[in-house]
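For reference, the structures are reproduced in the following blocks.
Presented sequentially are two complexes of subunit A, the first with subunit B as partner and the second with subunit C.
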Partner chain A sequence: MKFAPLFLLISVAVLIVLPWLVSGSMLNAAVQMLIAALFAMAFGLLCGQAGMLSFGHAAYFGIGAFAAVHAMNAFGGEGLLPTPLLPLVGGATGLVGGLLAGYFSTKRTGVYFAMITLALAELLHALAPHLKTVFGGEAGISSFRMPAWGIGFGGLNDVYFLTLVWTLVCIGLLYLFSKTPLGRLALGLRENAHRLRFLGYNTNALGTLIFAVSAMFAGVAGALQSINIEAANYVVLESHISTAVVLNSYIGGVRVFLGPAIGGAVMTFFGHVTSDLTRVWLLYQGIIFVLVMMFLPRGLMGELVERARNPSAEGVAQTLGTLLMRLASLAIAAFGAVFTIEFLQRLLSPEYRADITEGNWPDITLFSYDWAPLSIAPWAIGLGLFGLGIALATLINRRVAARKEAQA
Partner chain B sequence: MSDPILSLQHVHKSFGEAHIIRDVNLDVIPGERHAVIGPNGAGKSTLFHLCSGQFAPSEGRIFLNGKNITGLKPAEVNRHGLARSFQITNIFPGVTVFENLRLAVMRKHNLQFVFWRSAAHLRQVNEEVDDLLTKLRLTDRAQTLASQLSYSEQRSLEIGMTLASDPQVILLDEPMAGMSHEETDYTADLIREITKGRTLLIVEHDMSVVFALAHRISVLVYGEIIATGTPDEIRGNARVKEAYLGEEAA
Partner chain C sequence: MPFFTEVSVDQILFALLNGTIYGLLLFMVSAGLTLIFGMMGVLNFAHASFYMLGAYFAYTLEPLTGFWMAIILAPILVAGIGILVERFILRHVHEHGHAHELLVTFGLAVVIAEIIKMVYGKFAVDYRVPVELNFAAFSLSGIDYPFYRLLMGGIAIVMFVAIYALLTKTRVGIVVRSAIYRPQMVEALGHNVPVVFMGVFGIGAALAGLAGAVAGAFYTTNPNMALELGVMVFVVVVVGGLGSMGGAMAASLLIGITNSLAVGSDFRIADLMAFVGMGGWADDIGGLLTMRMSSLAATLPFFIMLLVLVLRPSGLMGEKE
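The block that comes next holds the complex of A and B.
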């Protein structure tokens, strides 16, 4: 834990020099990763700290995005609202929206709270295409980034730095917020709202305020997206945006501070890379979520923090060795699984099935080799490697368990 | 005898046809440790709910420090100087012991919607939390998650949170329920210590605790107080023996 500030410093330094390290396409992905990270952090305040699982956070991301686009068009990036300050509009809109929605939804807890947030978001999503002046109908609303403060904002680098500064500042503010009395009471709300009431607190008002703060930062993230793509379309209100932020936050670890940000960034990066490589990348995303929930229920970051707090008794070298062996065996299993899934995907695709004529099954190209689908080779490689990887992992686990027993 | 700090006058509570509390008159004297005993279903918990504002009485009046608190809400009763613990442990399990007490202490200082100050720098609050930790003998457990405390430590924490608002009157609802002998002794000591200078009203089933701890005892049977007196008077009371203590005395 004592290395945490050092890690943070190095991460920020890397983020600052990133434009000189990576390609334009990768930098574009980095902008999206930052936005997803901030959005997930906003969600994490509500869900991880205050224990309120919202299924409708796309609504606040969305209204922030639209508010920013309207502000861009109204002010032309000048006067009171130059381009760098546009996220303030998104934040203010999110805050107001959050106060309204939070007042109603925090009157209930648990599943009922989740259902109300879902209903409110779906209501907005259903309403949006009909309100053409506000949401621009099917086409959405587009705009242009204007230069301000001597910065052009024409190129990707400027947008990257704008997004980076806002994301870092907002995450910093969220951190400070978690240390204030209100931020501490969020934990009380999560742990035992009934007791808070008997200590004399107004839990509905507390919940509403925390909901609004979360919605405010979601609105900032939405505004950053509008600035990045110079447009907003009502698809940002769709439920899959709400779902993605839930999944990302849980994958990263919703209860540890930077967990949601890591989850948002990692999964956005994953989507960016895999969506070009395979059509079934959403399937992989789902599999990752299920695996993380089954084997690392605290999330990636949560597990890391836990390991750092309670280090294994085996010493660094041994732990690292075990970790590497585990990763290697899992990589073998993952390759086998990916091979099989990709092969099946190609075999079952409509294009391939159209090619089958009179029992003649053409070869399938996968990883630059041609495989006969009716032969044993591709299936043996895929399932065999998967089985081998799992067997190795099991073996390693058994050996670690045996060593621990011997020590005890 | 000084004026009572908590006074119930002709209090009656019924739920539909069920008359749970019947014409109860009870005066609790400032500074005393007053126990309420009685068989299961006698209405002891209901009596506590009436005093702490969870229920309003159907008839009669309740005075706290001479003020009429009949029908006030729990938070309002709390601010008039009466705090209660719960029969079932009611804490914040997933945060540290320190945090549990800080959440309880902050309300007293009116820190609710404050997001411009650091909780770590609230000197007064943190000092009070440290004091409470010392009193509860939980100082070396301050950074432990409340869920990882032993059962009796959790009960101590529960009592500590009741204490956090610095109330004049404390209501403890079966604080020793489910405890071993050592834990019971330990908690009895703790209660004696932390209620110095305050008034205690306690419901407890462990008779050895009640007779050792209480200055006065009231016996509640079927919603009626059949006797109030010192432990010796209660032990010698024929009606009490017949109604309640009989089996133990035999």
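The block that comes next holds the complex of A and C.
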């Protein structure tokens, strides 16, 4: 892939000039995207490279976040470290937490490992409300960013650049880590732990180390989040944070180096954009994840890289044509599905149910039209388009299969 | 103060009984999980979601069909969903390996929870024990013991006897058990192994659904119940050893009973340290040391799990990996 360095250079350049290109709300989303990308990369190290599936990574993100807030409040608000170095505190706590949790969870492998990580995260989540001094109870802990090194850190721009620098440096470090002997051993752990043990490596210690490194970077991401919102609440320990990072990373493609980062950034972006439009974004996220797992098992980036490495024999024009047709049919199906889900969501919402009087069902506004819920039109449009899209996709698949057969 | 008063003995009896019944409930869900895992090698992350679906289906059906029909129909519906999931989703991703199957069921758990939130709202629904079943079975030192708890335990026990008999005494059971050990051989003998797998998956889902339908009325029915129970079930299978029915039973009871004993206990670690003269110091430290056992009850199963991981990583009755 000769284009990869060029592509990376352009992306970084765009990220650097971004504050001058987009609005404040978008820049805020960009900060969230960077944090999600870094968190997903930390997860990707554990899950993609070492093959250890963690369902409880929110724990390390969370302890990083709380450590950073405490560090910001240390010495009467002076801060333990100058603001730009605070993520180090998050990373250090993440590392310690990861060593501890990694010791227990790497006692088992495979599905047991996954269950233990989930249980450990739930343990922390169940303990947190009782430990008010550490986790601040219901209200959480708030803090202030102090100026440091001649930078105010009052506005969003400063925070954006702080997050950007930390994210890029950490991703760079993760890349270098993957080239170290320990990083190479992570791959070995994924592919054949038995053989590693046979070669004399202590797989338990190896797993713990890699777990800790991953938790460390998750802690940095958590600290960045605390610096951004100037607060931490035990909501960051909740399971949906762990869930989101699993979904995002796998949608992006966990075995490709930048796959998790792109998954995290893209999904966070969509979450931000759709937050005003839909209340069931998590449902879409879940559905997208299941579909990606079923039909693009390598994830979006994984599939892209695979296609680029092994271009199909049909030539660029035909491949592109098929791709466009597939995308069009999927777009039709997706529109139908979204229409139906949104319509159902509005129909089932408590506000709407309160409006229903005896036999009188008010119209529902969707896509700036009013629809009568008892008429056939909205259902026909939603389900009809969904069916049409699926039928078209099936047709295209059959034609492609037939063409391949003819060639073979 | 005497250590054991008559009241405290009765309370301990209550706690033991409650714990046993909660344990039986846990077993009902973890048994299906273990059965499916033992057979197909799939850790079904959405298993606790089937438990939740059972509760919500029964809640929806109850006004239409009455309570008893509802708790019969709900598991059947859940089994149907389980079969669809196995046939059209799991079988599709089987070629990508077990980790992939686990991830897909993880995604399904998210989707199911979100659909439940969309349809029934984010808060608990009003699913209750029917009035005719809401009476005291007996009372000890003035405290009534609800009959419904005994009923839950009874249903669980009847279910195990039925499953056990089905697996050990019938021809179907022989095919199922042999399909676990030698799927190719069973297929060569002319049995349709995919259908057997589908059936087992459906039965496992139905068991979880039944547990949900029965327990949802007694505990709360809310969109978080799948996660809360799911985590407990995972703790049970880690402690007991996945694939071992006996281990799952022992771990379920252990966790159920310790949980309910802890809920009723005011014990603090600081009190224990007072025996060695460090009580004052522990009180000063605060934090974990001065938390009452009752507020720690929710975390106790996790500590048991950590303990088992250190002492016996393969679980109480699990085989060495």
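The rule is short, and it goes like this: the second predicted complex is superposed on the first by the 402 of 408 C-alpha atoms of A that agree within 3 Å, B and C clash if a C-alpha of one lies under 4 Å from a C-alpha of the other, contacts with A are read in each partner's own complex, and residues count from 1 in each chain.
By definition in this document, a contact is a pair of C-beta atoms (placed from the backbone, for glycine too) under 8 Å apart; a residue touches a chain by one contact, two chains touch by 3 or more.
All figures in this text were calculated on a predicted structure; none of them were measured in a lab.
In the three-chain model built by superposing on subunit A, subunit B fits alongside subunit C with no clash. Of the two partner chains placed by superposition, only subunit B is touched by A:Pro181; subunit C is not.
When the two structures are aligned on the shared chain, A:Phe217 is found in touch with neither subunit B nor subunit C.
Comparing subunit B with subunit C, more residues of subunit A are touched by C. Contacts of A:Gln285 after superposition: subunit C is touched, whereas subunit B is not reached. By the document's definition of touching, of the two partners only subunit B reaches A:Asn192; subunit C does not.
When the two complexes are overlaid on their common chain A, residue A:Ala205 makes contact with subunit B while staying clear of subunit C. In the superposed pair of complexes, A:Leu247 makes contact with subunit C only, with no contact to subunit B.
Touch criterion not met for A:Phe153: it reaches neither subunit B nor subunit C. Distance between subunit B and subunit C in the overlay is 13 Å (nearest C-alpha pair, rounded to whole angstrom).
Interface residues of subunit B, counted against subunit A in their complex, comprise 74-75, 78-79, 84, 86, 90-95, 99, 102-104, 106-107, 111-120, 122, 161, 164-165. By the touch criterion stated above, subunit A contacts subunit B in their complex at residues 176-177, 179-185, 187-188, 190-192, 194-202, 205-206, 209, 213.
Residues 51, 53, 55, 104, 107-112, 114-116, 118-120, 122-123, 126-127, 130-131, 133-134, 239, 243, 246-247, 250, 280, 282-283, 285-287, 289-290, 293-294, 297, 344-345, 348, 350 of subunit A are the ones touching subunit C in the complex. Of all residues in subunit C, only 37, 43, 89, 92-93, 96, 98-100, 102-104, 106-108, 110-111, 114-115, 117-119, 121, 227, 231, 234-235, 237-238, 242, 286-288, 291, 295-296, 298-299, 302-303, 305-306, 309-310, 313-314, 321 touch subunit A in the complex they form.
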